[in-house]
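Labels A, B, C and D are assigned to the chains in the order they are written; within every chain, residues are numbered from 1.
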């Protein structure tokens, strides 16, 4: 990989970027700015801490669950996923896949352009996929924080939580195995196969290993997100249902 | 200017003073001073308050050092009352003139003496220090007399004993808050 | 490039943020150190010093004019007051707290309420006010703290977080807000588990309502877990009442006796449909058995009956046109409910029809009974009920009788009639949820139903449940109880006092458990059961407090001769009381047995049995004391006197000298509720008074009565 | 007076004590500034010279530095809070109330600890986004990206373990739900698919130290929150910063 950088540098980057990038002394130019940032953050923190009190509810009572019981905001996305998936997926598999997927990014991204600048043009694909992931993640958090009320039911932010609401998505349908299993396998196979057919260049640049890993994570991400409309529109609880596990 | 540093670095023009924040930029200099003064005021005050005030407990848990010890009539004159020994570690003594109280801690090494009615002495079991009714040492190794504790009246007429205020100096311990004339 | 290198803008930022930090820490300090409680402590200190200084001033101004012998005492007081002033002035500004380990509570209320124990501060405003009443004398603040009674967050040191305001929902700083003065009595009931709680009239009333309304029939209620059923047995109801009456009664019990409040009848109104009522009626009337009823002898004399009615003092327990006692049913209009035959059979064989009734089995003769029935039949004539028309319209709906009875039985069980009424062959547990620990239920989890607008406080919920059960729940099974609003509020308070048993045992004040006092054995027990002495008196720990006079030490208290005469023909000691001893018409042998048992067994060993001998001087001295203390203002002696206490004209005949002595010495030792003042008599004075009172005799009259029998 | 002050400072910086601490002179010459960066422990994380584009606030938004600073704030406030907190079921909640009502700056410090924690999660995520969008994870920085992801996970774990410590309803139930997920782990959880372990030996049991949330859980989370996870985070941060320097400093256009 190191070799490739050396190869490419003179060819492409030379014309645009000066050979010797301009540099400034870290002291004071960097250190002073850092210090201002530090003071600014302290100031903001102090002001927030003076104005807003950290929540402290009643003492823990193992016999009484508050309604709604919401996780801290950074886990609300996962909590929202729990609506659509069994705990072993939403609580275990999704976090693990996210972590592994994030760690895999530098190893499967063969595009070496656009380092050190905010650059959309040269790495459209990576940009789009990552943005979709982040937006979906924060979207789920916002949805869980502001649109969920008692019993994790749908409430608009301005709606009173007192009203007893009927459950909209009951999760009544379970696809039979002979429909669900082929559908799922078909989704992954088609998802992997079609780009090979229609975007051969993409497949070639990545190489087969990287390609399949990339596609697995991307397809999984869209698969997880795709179950949300399935639940809301078609009221489907499980796509695959077996006595041992369900998806 | 100071000349401390690695010798081989002292060759080129890097020793020339840079004037970006010094002379020639009075406004920058002023702003710099304002910023630093603000920052040091903030950090010094924050540090000081943390050490002086945050670390000082405002409430203490555990038995209160002050307690109500009933009415003066409940203590017969000339007797040493061991009524509060078990709970509070205090003897209450009433003489013909008034009431005072001893902290039941031996001044030698902190054991708890017992009141022996027959000998009219407080005797320490650890190293044999003996104290008389005045609290003075009459035998044994103890270096100083028993502490007397503050005793006063509550608004309802009961005695209030405060163990946190104590005194053993002759001349001081017999009056004021350490002796309640009855 | 210009953005990368340091420019003027960065210096400005640095200066501004640095200054802002300095300002922020100053603001923070002001916010942190200007605490509410410091302000309150400063004001309280000023007030306390002012009060003490006024005291000192008055003492100083009075000092010169004081007599010589009082001078030393005055100076001492002055010295003490000055010492208090010094103490107050030296008291530091700090958070005060009371730590009670056994309750696991830390109360910092005294941080702001600094003068709470100070008697001189009673007239100040909150939070500087001294605690009203003597409650802090009874409950040492160091042992009880504040929040055990007042609720709220004891750890807090500011007004909002102490939960002085009853906020609900997520805003609430603490689950239980500080109780208002209208609700504070419910806290008394946390520890005080006896039915009568001193200085808590509302709570006591509430407990009374709970008991009388028979809540424990359907719910498990603390303190009333083992209460007997409050309604009569319905085993022979079919022979007792007629159909028309029963239908009207089941439709609306209040129509029969529309009095307000829990006086009579206690039967609540159930929301039943006409069909259900008919079925229930069919089921209940099926228990009729005419063969157990007997016909009264012909020719009863109503006038003799009237005399007997008055002599036996039936109105001690029964109501007649709304007047009389509240223990037993209204008698006027009784003919529209029961038959003459039943009335006669009831008086003749009371305990056969209702084995657990409070009514004694009177020892009437055959003649007396027919007289009495005749009198009552004439005197308490009521209108004749007809079966209401709406029932007649549907009564022939084609169902056969057996089906109706079965359906009625189902309704009988479903609506928990068994909670109040016994019926042989039907046994079931309580049908409604437990309400143990009701006071600590979480408001947010309760079903508020149609009562959406109200403040979601548990007390409101309980009150709404009592006032209109349908408000909180559709098709509530709970009936409408005939309570006044005050009774409902009192009952609510009493129910809320059960906060779930987290009170350590050393704080609990409880009444002796009546379960430990079984029915009495032997001949004496039989008599007590027959005459139902325990309906009014406490006998060996068990019984009712209609008479405030437990019988356990009676043998030491009264003389044998008097007792014999009293059993034969009771009279009232205190004419102003409504509840008077009923005349049971006991047989001579029963009287003998009772008198012997009382004088030999039911004695108080702390009272000497012998009569003692008194000298004439003592009698005369007693008379002087009697006049000096103005006893005559409450007691009748000879011709005049007050009506508060019992008359003393012939007290020597009634009471033993030992009892008089013991009672005069310490009135509230034997009868803690006695209103007799404790004058603190010396030994000699008490002896003299005893001598005088024991000499007030008029035995002849009583002897004559007893011989006449 | 100013003259005297000047003479005093002159003397002061020439004393052996001063020059033993500060190896270089007043940073008003380029040479001394370089030496400041080289010699000072705190500053030596920085390179001597920085690319100008990396100095622009709009490039980094200071997100990495702010994350580090928030971590330091968490450490300081956290240590202070530990002076008044006992991790037992009996006292934890009461100590929270004491901090609020009876400790000077107690509530303020707790607020600061809490909001800085939320802020840190946010800045770490945003920092990750910044690094992605500027392509700064690309070779030779792949390994440092992975360290960064681990630091994100550690940040979340620190927040999560700290969440239980107040022992209020919010804490208790968030952690109940959170740790219950461990039960659903395939194979290793008692209720997950293909589970082989019982309730008394699965992941959740190890996490909680008991079947339900209890005193054990509180102590476990306390130790994790105050010692284990911060130590791990500090270690990884060391590697992270070291690698930033070694992988070519702040990323820039090649």
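As a working rule, contacts are C-beta pairs under 8 Å (C-beta built on N, C-alpha and C of every residue); 3 or more make two chains touch, one makes a residue touch a chain.
Quick caveat: nothing in here was measured; it's all calculated off a predicted structure.
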Query = Which chain has its Cα centroid closest to the overall Cα centroid?
reply = C
Query = When all chain pairs are ranked by how many C-beta pairs they have in contact, which pair ranks first?
reply = A-D
Ask   = What whole-number Å value describes the gap between the mean CA coordinates of chain A and chain B?
value = 58
Inter-chain centre distance, chain B versus chain C - centres from mean C-alpha coordinates, in Å = 52
Remark   = Rounded to the nearest Å, the gap between Cα centres of chain B and chain D is 39
Request  = Please report how many Å separate the Cα centroid of chain A from that of chain C, as a whole number.
outcome  = 66
Query = Which parts of chain D, given as residue numbers and ranges, touch two or more other chains?
reply = 30, 33-34, 52-53, 55, 57, 97-98, 100, 102, 104-105, 108
Task = At least two other chains touched by the same residue of chain B: list those residues.
result = 21, 39, 49, 58-59
Task = Check each residue of chain C and list the ones that touch at least two other chains.
result = 1, 4-6, 14, 17-18, 20-21, 24-25, 28, 95, 106, 108
Key: Residue numbers on chain D that touch chain C, as the complex places them   = 52-53, 55-58, 94, 97-98, 100-102, 104-105, 108
Query = chain C touches which residues of chain A in the complex?
reply = 22, 24, 28-29, 32-33, 35-36, 39-40, 42-43, 46-47, 50, 58, 64, 67, 162
Query = For the complex, which residues does chain C have touching chain A?
reply = 1, 4-6, 10, 13-14, 17-18, 20-21, 24-25, 27-28, 31, 174-175, 442, 444-445, 452
Chain C residues touching chain D - in the complex, by the definition given at the top = 1, 3-5, 28, 32-33, 95, 106, 108, 153, 155-158, 161
Task = Would you pull the chain C residues touching chain B in the complex into a rising list?
result = 6, 8, 11-12, 14-15, 17-22, 24-26, 29, 76, 80, 83-84, 87, 94-95, 97, 99, 106, 108, 117-120, 137, 140, 142
